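Working notes, structure below.
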Amino acid sequence: MAVRLGELVAALGGELHGPVHQLVHRIAPLESGDAGSIAFLSNPKYRAQLLTTQAGCVIVSPAVLEEAVARGAAIVTADPYLYFARLTQWWAERVRPRPAAGIHPSAVVDATAVIGQNVHIGPLAVVEAGAILEDGVIVGPHCTVGARARIGADTRLAPRVTIGFDCVVGARCLFHSGVVIGADGFGFAPHQGAWEKIEQLGAVRIGDDVELGANTCVDRGALEDTTIGNGVKLDNLVQIAHNVHIGDHSAMAGCVGVAGSARIGKHCTVGGAGMILGHLTLADHVHVSSGTLISRSVLKPGLYSGAFPFDENANWEKNAATLRQLHALRDRIRTLEKQVKS
Amino acid sequence: MAVRLGELVAALGGELHGPVHQLVHRIAPLESGDAGSIAFLSNPKYRAQLLTTQAGCVIVSPAVLEEAVARGAAIVTADPYLYFARLTQWWAERVRPRPAAGIHPSAVVDATAVIGQNVHIGPLAVVEAGAILEDGVIVGPHCTVGARARIGADTRLAPRVTIGFDCVVGARCLFHSGVVIGADGFGFAPHQGAWEKIEQLGAVRIGDDVELGANTCVDRGALEDTTIGNGVKLDNLVQIAHNVHIGDHSAMAGCVGVAGSARIGKHCTVGGAGMILGHLTLADHVHVSSGTLISRSVLKPGLYSGAFPFDENANWEKNAATLRQLHALRDRIRTLEKQVKS
Amino acid sequence: MAVRLGELVAALGGELHGPVHQLVHRIAPLESGDAGSIAFLSNPKYRAQLLTTQAGCVIVSPAVLEEAVARGAAIVTADPYLYFARLTQWWAERVRPRPAAGIHPSAVVDATAVIGQNVHIGPLAVVEAGAILEDGVIVGPHCTVGARARIGADTRLAPRVTIGFDCVVGARCLFHSGVVIGADGFGFAPHQGAWEKIEQLGAVRIGDDVELGANTCVDRGALEDTTIGNGVKLDNLVQIAHNVHIGDHSAMAGCVGVAGSARIGKHCTVGGAGMILGHLTLADHVHVSSGTLISRSVLKPGLYSGAFPFDENANWEKNAATLRQLHALRDRIRTLEKQVKS
């Protein structure tokens, strides 16, 4: 890969301070960039890095323009992080050509499946009866698209993604390897000490521009559908239980779990290993810190936390032991207060 | 789907109050049911919903019969939730016909595998040497059944389930996509700063009527077998380590982990993201709340909890910081008590 | 399997006290071993078990030699646990012959892939263009090895492992079923309430002798590579985010998560469900207890903990409620101290 700065700015905008013919061979962090690299600075508080970076060109905001041009080429833009994101997209399109349209001869595609224009179905994939793949869909090796499932235009399934029967996926989604859409929700009626299965008769509906990380699961609903809004981003190993609704543009980091029938608003975020209990409501713009268990509804936007602060083991042991008597300590304080008062 | 109420009651029991010829087209929640729906009310405290539901027929207990019939058709039964569960099963059998018996030509089935009557092996599945599939087993696309593994009658493997060599699965089980049975347990001997592998020579034995959720893992034992009792239900992304024993009819929600050699009793439940440390014993009927780490054996039935209560971030920060001095606070209370006493 | 004690000692060393022709049929725990079993005692504090075990031969340290030989055959070695580990390896090699070299006719192997000597590629595996499998590699059924990925000599991929394009895996690794290497890291720039994807242009580099458990994920880096050192062992359902570095010989138990750009030292351990936040540094020899969230860098070796101590639910409820007022309690103690002093 070798791109001229002028070509980048022509494609992505920004104000170039430097030679249009200067070549860029890679995108790199400021710390490790060399003369053939383009790097970015999004947080002005790290502007000191501009003094030491070897990167041939830096993407910066107007606030640091002076330092940036003092050291070499620069592209100035209002939001360098966004510019960087778009640069990676532009770059990826060039270094990772999309697989050619067509169905690999080893794939098993039912004759009743409806396959759009310019669809790629990789080796050893399975597409079941009545499934619909809209134009430009990419189905990786070892994927299964279940009966009557529908995959929206330009959605990409990485190798080994499983889409259950009757599930619906929007356009321009990206699901990573190991994703399971439409396994049964976890529903049982207790009966004489055993569990009687509640068959899960709903499906899963996923909006447009959704990204799901590796080995993430979204279960089908019991009676109605589990739904995931447009622009939602879920990281790896996330568990979305049956009948959950996730609002548009919410994002969740790795190892998060959302229990059955929870309703998550729009523009929410959940940090790694956060856990949302069932049948709760989270308003729009609720943010949950890593490792926090949300045990009742949160109707006010804001940041909510609840992780135990870690410590050296010996300190933790003492504090944890005392914690088990915390309520008793409170009573002792009350008693003291009365005694002191009297 | 269109079913007459009389047909339902003939199949599932219950006392019908209403026209036997009334048609039902779907099962729905009380809130969203319409004239073609059948809904259920299991908790009498929500009986007010009977006044507003549009569902054509409701399944209710005798306690609310009066309100129920005042508004339309009703089926009366002692346990409406159980009735609902069985209704979903009856329904699913009709709308989801089992796949036809036979081996898909793209499946790779070893000549020495033993295949029972009425077995379905889906496209691109692998059945290795000496594996035994009993009558009525369904093996989905992309499953691997390892060498000498045995799958009991009428067990269903969803697409992409991996059963390790020598593992044994009971009858009428249901394993969802991504399940891994019989990966190596995590065992290493430390040696000069590195880890020497302990080969895992046991297998996994799973009882009858077990359901395992998507991407759930059950590791093989080190010397003896990891065992899961009859009727156990595990949700998605659950980790069962080597040499664990889980008693009959225990159930665990999503993201739970059980560490090596733990012995879980019968009829236990573990809430989402609960974690049971290794070499512990949980008695029968122990219930663990979501997000709770069980760090020593629990020999008395009951409910055990241990999640940090979440709060607005600013409050949590103050309390968490103070928590790190909790033991010191206790000492200060003691000092105060002595001073006040003297 | 039937082995003479003399044969074992010839292969694995140790000092045999007992008949060289005595037969061993299995390796068993002390508690359940019978006359045909060999068992081991590594912790002298359990030496009482030597009095009751029925095992035909026991592996022991010199400290318990007397009790051991009083009851039957014994192999004496400085580190019985290490001896046991090597015995399991020796045993496994005999009872689990490696699959024959060759490419199964149902596998889809690109003509430009480079396949070493003595490589086994199982049924329905996919090896993409330019991938390199070094000598002795074993690729299980349903694996995908992506374009230009490189797999080191004698590495084994269990059924259904996915290695992303451009990723590099060292020699003698073992990856269990469901492992996903090289899914995209979770990176997005916020833009007008939505998320703009940052394409992940790095890859994953994994050292030699690494073991990864079932359904564990290692994401590709944003610009540079995610790296895992030599001898690292990760259990099942572990999440390693983009740009993480894990030092040699570190080990993590099930359900652990490591967030983006964290740098974990050498010889670290993380207990089950531990969670390491992003952009942190853990020094060498840092040990994290189960269920602990590490929220800032830890530069001093040692054991760190932070799980909420579980309790009977009623007690926990009281203590948890009080915990939310902990900071206020501290203030009340201060007030009391002032009052008592004055």
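General observations
Note that the chains take the letters A, B and C in the order they are written out, and that residue 1 is the start of every chain.
The rule is short, and it goes like this: a residue touches a chain if its C-beta (ideal position, glycine included) is under 8 Å from a C-beta of that chain, and two chains touch if they have at least 3 such contacts.
All of these numbers come straight from a predicted model, not from anything done at the bench.
Chains compared, subunit B against subunit C: the Cα-based superposition rotates one onto the other by 120 degrees, nearest 5. In the contact between subunit A and subunit B, the residue numbers used by both copies make up under half of all numbers at that interface.
Subunit A and subunit B have Cα centroids separated by 26 Å.
Within subunit A, contacts with two or more other chains are made by residues 106, 124, 142, 160, 178, 215, 237, 255, 273, 307-309, 311, 321, 323, 325-326, 329, 333, 336, 340. For subunit B in complex with subunit C, the residues that touch the partner chain are 106, 108, 124, 126, 142, 144, 146, 160, 162, 164-165, 178, 180, 183-184, 186, 188-189, 191, 193-201, 215, 217, 219, 222-224, 237, 239, 241, 255, 257, 259, 273, 275, 277, 288-289, 292-295, 302-309, 311, 315, 318-319, 321-323, 325-326, 329, 332-333, 336, 339-340. Subunit A contributes residues 26-29, 32, 79, 81-82, 84-86, 88-89, 91-92, 95-96, 104, 106, 122-124, 140-142, 158-160, 174, 176-178, 209, 211, 213-215, 231, 233, 235-237, 249, 251, 253-255, 267, 272-273, 290-291, 307-313, 316-317, 320-321, 323-327, 329-330, 333, 336-337, 340 to its touches with subunit C in the complex.
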